[in-house]
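Have a look at the structure below before the remarks.
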């Protein structure tokens, strides 16, 4: 087990967005968080990444309590993330986008931050991530000029460049075509081969079923089910949560 | 990457060369600054005497700038129509400083090096004039400051003169009028917060104390302020005998109007700052009856220079001149007189001529002389408004009051 | 001589435009109060050199550091506000600083402060000497910015400008870097202020008003934010405009306003900014380089 | 004295409210800090004076000022602002400063630098209640401000176009998706935004009996402080903030005297407020 959440509670004003949610992410596992709109998926995701701090409960990473740390601290510990809405650095080239992540060890010191960034070995290492995600032709293009699918790949490449132990993906397939989504699922299995644990929020059931080893289902801020895709598929509570609205 | 840095630097150098080239073209044979200041014939062949001028024609003080420029043009026209000086015509080289000290400094350089004027009149405020004064001093080109008040201006050196009273003199004169003529004991001061306001109030407070009056409150406001009711309501409550208002026309006119709106009838004493026919009296019309103010232009002066100036200005521009205009006009007349006295139109001769001026008949009164610091010695005029017109009220000639600071 | 004086003016404003460029151009934090740090630098020098007879180099350095420290503090305070709120906070800061200069007698209040002419090793430094000092200072600033652009801090700042959340997710402490950018940008403005004080010989609070901040920022924007050549070219164009258009003196401001409108309408990236006509030409002419530093 | 100062502060506050309303409206929709709105303020004073001199009817001249200046605003929007919306916010800001400088200097060239009178004859006279005086011009300012703000409030909260305005102010993309005619909303916004500023300019001209090309200088930045205090783009907040600033300035000046320039007071208040409530005194909750 690499990442663990215990009884996480979060309220905004009077509204409870999360109510006592716990989860565990095993080593080299792909865990999916699913649930209907407003279930609290994104809130949970943002709490893990340090954007919000929980009202109650705690997060542990490799046994260490990381509750309330800032996003940049969490990134430095080895938890990388992507965003639901593409967050590429649009004015920067694809290469520079990746470089940004490679500087993670240099941003702390006032001297080291003035070290040259584009040393040949750093650029080489950046190029390896670019090649890994098949972005080589676009390496010197501005990120803002990329297609949505490419931008998502860029974000994943950038997150991987942090050399994380855990990769958090926020609806990585939203807005992608069927083919792109397919490609994405292949990518996930490739990453698994590289000993990275993955936790993803996914709205698209189909993608979640295919990509994940295990799923956690949220509804109205509470965990209503947990298990393998097969178990979840047949869970009456889950079916009700997803289809209940149609009544 | 390196290449780009070089291209930036070379671009910069090219720009600089172009710039220095520009100024170089205008003065091909002059490599050293202000070495020999011989009077040179103008390119047209006709010999002229070039006099430089700068004023805030654009920007927040554009109204004073225009008054100043109008009078500068009128002065040059008047002199030239009378045959010029020493048989030569005057050529006006005028610039707009946009109310900015930086621009006044570059204008000073332009006037002294590329335009090669023999003397300069400042038609601007203290900040630009004060910043430019050392440049003229260093270039050894005499400059006459027409109406800037800052005491330090003339301290730049012996080539710098002032045509208006240095701040504290007018303040002392105001105190004299307030206490002795208007019989005020308790006085409230309402002051614009800049060097003009500060230096006048300094002299005023000192003299009021000496004469046994009391300044019960000093309130300041910033340039461009329009709303005085909070301050006036406060002053009304203090019930003073007189309000000493050190303000410019725009603010001063609002003070008068708002006093009226608040039914305040207390006597008001103003300064030359409000002496702007268009800006102050134009806006107020007949609402300023009984106002008394210190200035340097006496409208009832029967001397021909003054009456001619008022008449010619009004004819040319369609409205009556103000203190700013009169001071600028006089600055040119004084320079012309200095040239006549020394018989030569070179900067050094003009400077020496300025110190020789004695009992000169200027629009703004008879100038006794300029002291060693370059400060003018002349009486302070006190004017009042009667039936919507500006008239003589008093004249302060007491040397104890009007003697400017001098080099010890 | 006139050319030199104009060049000094342009040079000082080029340094200022470069300084605001670090905060607004690279880090993307709007700053409409840069003139206040320019003023803090100038007033520090006026007090040190004018009142206490401190020499040029110590005055220059202390002026820069005081401006930089105040800038750090403003940067810290500004972390609570963003974008347009930050823009207006910096305007407010400018007004408060000018008010302090204008009212506190120690700062000369409404009478301003005088600065003795600059002397080095006992010899007076004329305009030419001052111009060389300004060129050197500008060169230092350019070299520094260049280095910054190519190092991790430059990448961090640009990433913050692009997307704060994403930068944070990559281990960049955005708060720290924003504050650092304020510190560096205002430090440079303080240096510019110090030289300006020597150049003018006399300063008043009016010189450091909000409108001066606008002038500085306009130069950086018109030239091209986030580039090095941009602010310099902007300072040259907008700095020379009032001098070039002297022959139409009455219409000078009108033309100045029109330049701003036209530039922003047709070249909002600035004259040499990314995607401007000029930058595209350069991009086409130049062979592709990998941009690797050895 | 207290009552008099209270009346003073209400007049000052109403003037601020009307002046800042234009910039608030523009910000509410376009998210542009519109310094040029202060240009409309000065233009409005000149147009108002010219039409009043022509017709002698104050009511007609105020309405005409509103419409003509509003039309100028729509032109600025169509030809300048609309194409800058996707640019970084600094670009429209610098543009609006350019427009402001241009307008101010154009006024100086057309009308000369000297202040001019705006002597309007009012159909009623001032009020004198024991020690409190309320001049006729003040009554005019307060009444016109109240009427205009009421009309604005009615449009915003009780008409379909007002609903569309509020939807657009919340989120322009969503409003567009929901079928709101964005062009119409933006045009109305500029009509009112510039119209209000122009009427404010006219009223100030009458109140001080003085108009000059540079009269927009102070409002140009002061209204920024007020619209931020009011929560940037929140019309109701702007009115409250304007009244509060009027009150604070008056009572500080009236009892202690100004230890800072009056404008600095507004900005000090602003900075303190931003440090305590970073989104403005009256920021709407969903901001």
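So that you can tell them apart, the chains are marked A, B, C and D in the order they are listed, and the count of residues begins at 1 in each.
In the analysis below, contacts are C-beta pairs under 8 Å (C-beta built on N, C-alpha and C of every residue); 3 or more make two chains touch, one makes a residue touch a chain.
Given the structure is predicted, the values throughout are model-derived calculations rather than measurements.
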item: Smallest number of contact steps required from chain A to reach chain C; value: 1
item: Central subunit by CA centre of mass proxy; value: C
item: Most distant chain from chain A, judged by the mean position of its C-alpha atoms; value: B
item: Chain B and chain C, separation of their C-alpha mean positions in angstrom; value: 33
item: Between chain A and chain D, centroid-to-centroid distance (C-alpha), Å; value: 47
item: Computed distance of Cα centres, chain B from chain A, in Å; value: 71
item: Junction residues of chain B - those touching two or more other chains; value: 57-58, 193, 222
item: For chain C, residues that touch 2 or more chains besides their own; value: 102-103, 150, 250, 253, 291, 293
item: Chain-level touch network, classified as line, ring, star, complete or other; value: other
item: Chain-chain contacts as defined at top; value: A-C, B-C, B-D, C-D
item: Residues of chain D defined as touching chain B within the complex; value: 1, 4-5, 8-9, 11-12, 105, 108, 112-117, 119, 126, 128, 133, 135, 137-138, 204, 208-210, 212-214, 217-218, 249-251, 253-255, 257-258, 261-263
item: Complex interface listing, chain B residues touching chain C; value: 1, 4-5, 7-9, 11-12, 15-16, 19-24, 33, 57-59, 95-96, 98, 100-103, 105-106, 109-110, 112-114, 127, 130-131, 134, 150, 152, 193-195, 197-199, 222
item: Residues of chain B touching chain D in the complex; value: 57-58, 60, 62-63, 65-66, 193, 217, 219-222, 224-227, 229-231, 233-234, 236-237, 249-250, 253-254, 257, 261-263, 278-279, 282-283, 285
item: Residues of chain C touching chain A in the complex; value: 147-148, 150-156, 158-159, 161-163, 165-174, 177, 226, 274, 288, 290-294
item: Touch list for chain A against partner chain C, complex; value: 49, 51, 70-72, 75-76, 80-81, 83, 87-92, 96, 99-101, 103-104, 106-108, 112-120, 123, 140, 155, 158-159, 162
